[in-house]
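Each of the next two complexes has chain A plus one other chain: chain B in the first, chain C in the second.
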Partner chain A sequence: MSTYLQFAVIKFRNKMAYRFDYLLGILNTLLSFVVYWSIYKALYGGASEVDGVTFSMVTTNFIISLGLSSAFHKNEMFLQDKIKQGTIANELLKPVNFKLRMLFEDVGEGAFNVAFNFLPTVVIAAFFANLSAPSSILNVLLCLVSVVLGYIVLWQISFIVQSWAFWLFNVWGLITIKNVFVNILAGAYIPMWFMPEWLRNVIQFTPFDSIYFTPVQLYLGELQGWEILINFARQLLWIVILYVIGEFCWRRGIKKLVVQGG
Partner chain B sequence: MKDIISLFFAYARTGLKTRFQYKLDSVISTFAVFFREAAGIIAMYLALLKFDTINNWNIDELLFLFSLIFITYGIFIVFFMALRDFSDWIKHGVFDRVMLRPRGLLTQLVLCGADWLAAFGHGTLGIILFIISANRVGIEWNFGMAVYYIVVVISGVLIQGAVFLFFSAISFYVVETNSLKEIFYWNMRKFAIYPLSIYNKFIQSILIFVVPFAFVNYFPAQFFLRKADMAAYPEWMMYISPIVGVGLYALAYAFWRFSLRYYKSAGN
Partner chain C sequence: MIVMKNLTKIFPSGIKAVNDISLHIAKGEAVGLIGANGAGKTTLIKLICGLYLPTSGYIRVFDENPFGRKTKASNIGMVTGQVITDGYNYHFGHGSSLLQDDLSLELNMELIKNIYRIPADLYKQRMKTLLPQFDLQEQLPYRVSQLSLGQRMKAEVAAVLLFQPDLLILDEPFIGIDVVAKETIRRILQETVSKRETTVILTTHNVEELEKICDRVVFIESGRLVYNGSFDRLKQSHIGLNCMRLQFQGTPPDLQDFPIERYRIDNHTLMLYYDNSVVSSKDISSYLLSHGKVSDILIQKPTVEEIIRELYKEGNHGNDN
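Our next item is the complex of A and B:
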């Protein structure tokens, strides 16, 4: 385990080297947030709440879902590049689990981005955007746990699509399409509360709302007692299901893999 | 002139051939660009099912507004891709090669590189949005209106071209301009897609005076739609997009010519 943790730590440190990129990253996240904040400010048109959803809840929803989706952005061409260049052969020879290593490197990068991109953005946004305070310290902790679980759900979806690089010439298009689905259905571009009824009913049966919306609900204290457990259970269930699918694609892919030269 | 047109087609033919070498991949990638750009629109559509209008713009009017930014980008990227990636050209010394050829520098840059993937993705999206909305927003289309629409599309292309020409000229001094582009083009474009009036005064001023995206879609759309929120701006702003386009481009061109003197090759 400590080996894999090292991968995360190294990635975390690597990220610290690029100072200017990092400032630019905060600006990017902040401006995306400002766009959606402005849109919903205009949509609310001064009303304090719509369907029982206050404007500060909407703002909080966007800072968490849009902010995290920006922080969790990563190089999703990683596996394809390894396959195309044939370096995956060397990776497979190493005495580490390639998939786990990939996960930990991404977690290292994600952790860096949460600490140094997401949190600064939240602090700056708090000056003008009237964010909701968390309903209690416990809720913040529950939210943090569900962010980690949500990240793993997101990571698995990404891994599944990335693994199609074993069969396809180029997965860039499919990854881009996948990201549109994730960003809309997970509520990064439109708060889950305002989705049409039929769409929300569909989303219930997908992993998407367990990525950002469960953390949002926990932070706002919208879930009580059993509901908290059910939502955590849903996140875990999706992690298991997606893991099985990902593992299936990965094993089939490795079997099929032919590396030319190298 | 004939020479230039044939040069454009020669470049376009090779460009398309290279890009569409792998047919299925190209189709999927083009659709991906289309879908990625449509994401914000889909989210807006879903939101308006609940809220009906944003600053009194209904969904059809918004689609009309969106169409301008995507159509102009689709055309813009056919001609100005080389300028978008110009700092790379300097870094890798490709610009030296351009200088040795017997045609104008900017002519070559404008003609040679087209991002066909983006052109088709953005272009089709813009055209579809236009087709959906054009007859549902109460515009009485006649010859004059059609001509003005084409004029504002060209102006929009020139405005964005001018912005990139400025950045390219700056590359002569500092080479690396990707961050500048990220801040002043890509981020501003995120704002520019939606109606100008939803933003605070500071962001509005940037979009009018600094990176004048407002003249690419918002003010031209106001000319056609005459929404109430136009009252916050001087009326003549609806008419000056062509002047802004040509003026800004001329200014950018002058700056480019001036900066060219300071070019030092980065190659070896």
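Our next item is the complex of A and C:
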């Protein structure tokens, strides 16, 4: 395992070496936060709550979901580039698990983004926006665990779409569409509370709300007792299901590669 | 060591990329794999690496079926340098084999250390010798994407030597790089070969490099093994000869008075192979220019491919090792 952890460490150190290149990233995250925050501020029009949802809850939802969506790193063109350039063979020759290595390298960059993009954004936003305080320390810890699980869910969705590059000439378009879908259905653009009832019922059967919304709910203390366990179980279940799908696509892709060439 | 018997790889499109090749490469040997583009060199390499499933035939690399090994090997090092495409544009570049574009060279080396589990003291020791050899000390803090093509290729070779594989495969490592970098890489490869611990397979179109590094030449054409033999024999027969290629308007004139080694006529093109110390290019060309209507003239050292193709056409091919 330490081998894979090293992949994350190396990526993190690399980003550190060029950290000034990423300063603008904070501005980017902050800007999209301010846009959504302003829209909802206008929509609230000074009201303290709408349908039992306070404005600070909405603000917190945006900071967590928008902040994490830019911090959660996934090198989405990685597989396609390797396949197109024909260097996937060189990668497969290396005596490490390709997928795990890819994941940990993304984790390394993600960790950098959390430290140097997400956290500064939160601090800056706290000056002008009214963020909800966490309901308890325990809730913060539970939220952190579910953030990690949410990241694995998100990463695997990305991996599945990327693996289609074995069959499709270009997956960039699909990745873009996927990202829009994920961001909408995961509640990054419209908080889950304001979604129509039927849509929320549909989303319940998808992995999307376990990416950002579960952490948001845990942070705000919206989940109690059994609900917490059920939500963690849902995240884990999706990780398993997506893993199986991802493995299936990956192995079929490799099989295509060794038989048909690439 | 590598053993192949009647190895064949047919792609679903029907292309026989590797067709009934039998070959033996001993430990510590340096073999030059040559052939035109699309001849099947890269397919053969991928079969050796276990990255392609053979359609039929037998292959063992270090007494193992490379395909059964699940394509993971810490004792095989591969460096690829060739024209790559990113799916949108074709451009010259080196498909990153070992190094990652976005990482600094130093972190790339640490990545190699991590992937191939090189002990820390060995790593330090090897870096100390490799970096000055390749003149790469200054490049350590730079991202690999910022390096020049020559520096990058040197770095790739340094990276592969860092984990000292038993089998070192270099697929077109000299494409597009400058003379100095080429010489550095060639010199270090020569040193590696002279130790006789690493088996080297090198594909290149560059006859000089091939000659200096390899003991043996394996020539593939349309997936078939055409020539497999020592470099010496090739050299005796052809290298050192000049090749003059003349385009005529009409029939080329008769040349029987000149001590030409061999010639070939294709339509209006005359190919002459001659020893410049026996008969000068000047004499031949001035004779031909005055006796025929020459529209184009080209004098060059024949490439290894040309030599071998000539040999093959004479039915002179075979194994002599």
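Note that in this section the second predicted complex is superposed on the first by the 254 of 262 C-alpha atoms of A that agree within 3 Å, B and C clash if a C-alpha of one lies under 4 Å from a C-alpha of the other, contacts with A are read in each partner's own complex, and residues count from 1 in each chain.
Everything that follows uses one rule, which is that contacts are C-beta pairs under 8 Å (C-beta built on N, C-alpha and C of every residue); 3 or more make two chains touch, one makes a residue touch a chain.
The shown structure was predicted, so the numbers you read here are calculated from the model rather than taken from an experiment.
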item: First, second, both or neither for A:N130, with chain B first and chain C second; value: neither
item: Contacts of A:I184 with chain B and chain C, given as first, second, both or neither; value: first
item: First, second, both or neither for A:L43, with chain B first and chain C second; value: first
item: Partner chain in contact with A:N170 - chain B first, chain C second, else both or neither; value: both
item: First, second, both or neither for A:N201, with chain B first and chain C second; value: neither
item: First, second, both or neither for A:V96, with chain B first and chain C second; value: second
item: Touching both chain C and chain B, counted on chain A across the two superposed complexes; value: 169-170
item: Chain A residues touching chain C - in the complex, by the definition given at the top; value: 3, 6-7, 10-11, 13-14, 17-18, 80-81, 84-87, 89-90, 92-96, 169-170, 257-261
item: Chain A residues within the chain B interface of the complex; value: 20, 24, 27-28, 31-32, 34-35, 38-39, 41-43, 45, 50-51, 168-170, 172-174, 176-177, 179-180, 183-184, 189-190, 194-196, 199
item: Touching residues on chain B, where the partner in the complex is chain A; value: 22, 24-25, 28-29, 31-33, 35-36, 38-40, 42-44, 46-47, 49-51, 54-55, 179, 182-183, 187, 190-191, 194-195, 197-200, 203
item: Contact set on chain C toward chain A in their complex; value: 11-12, 17, 43, 46, 49, 51-53, 67, 71-74, 76, 78, 80, 84-87, 95-98, 102-104, 107, 110-111, 114-117, 141, 143
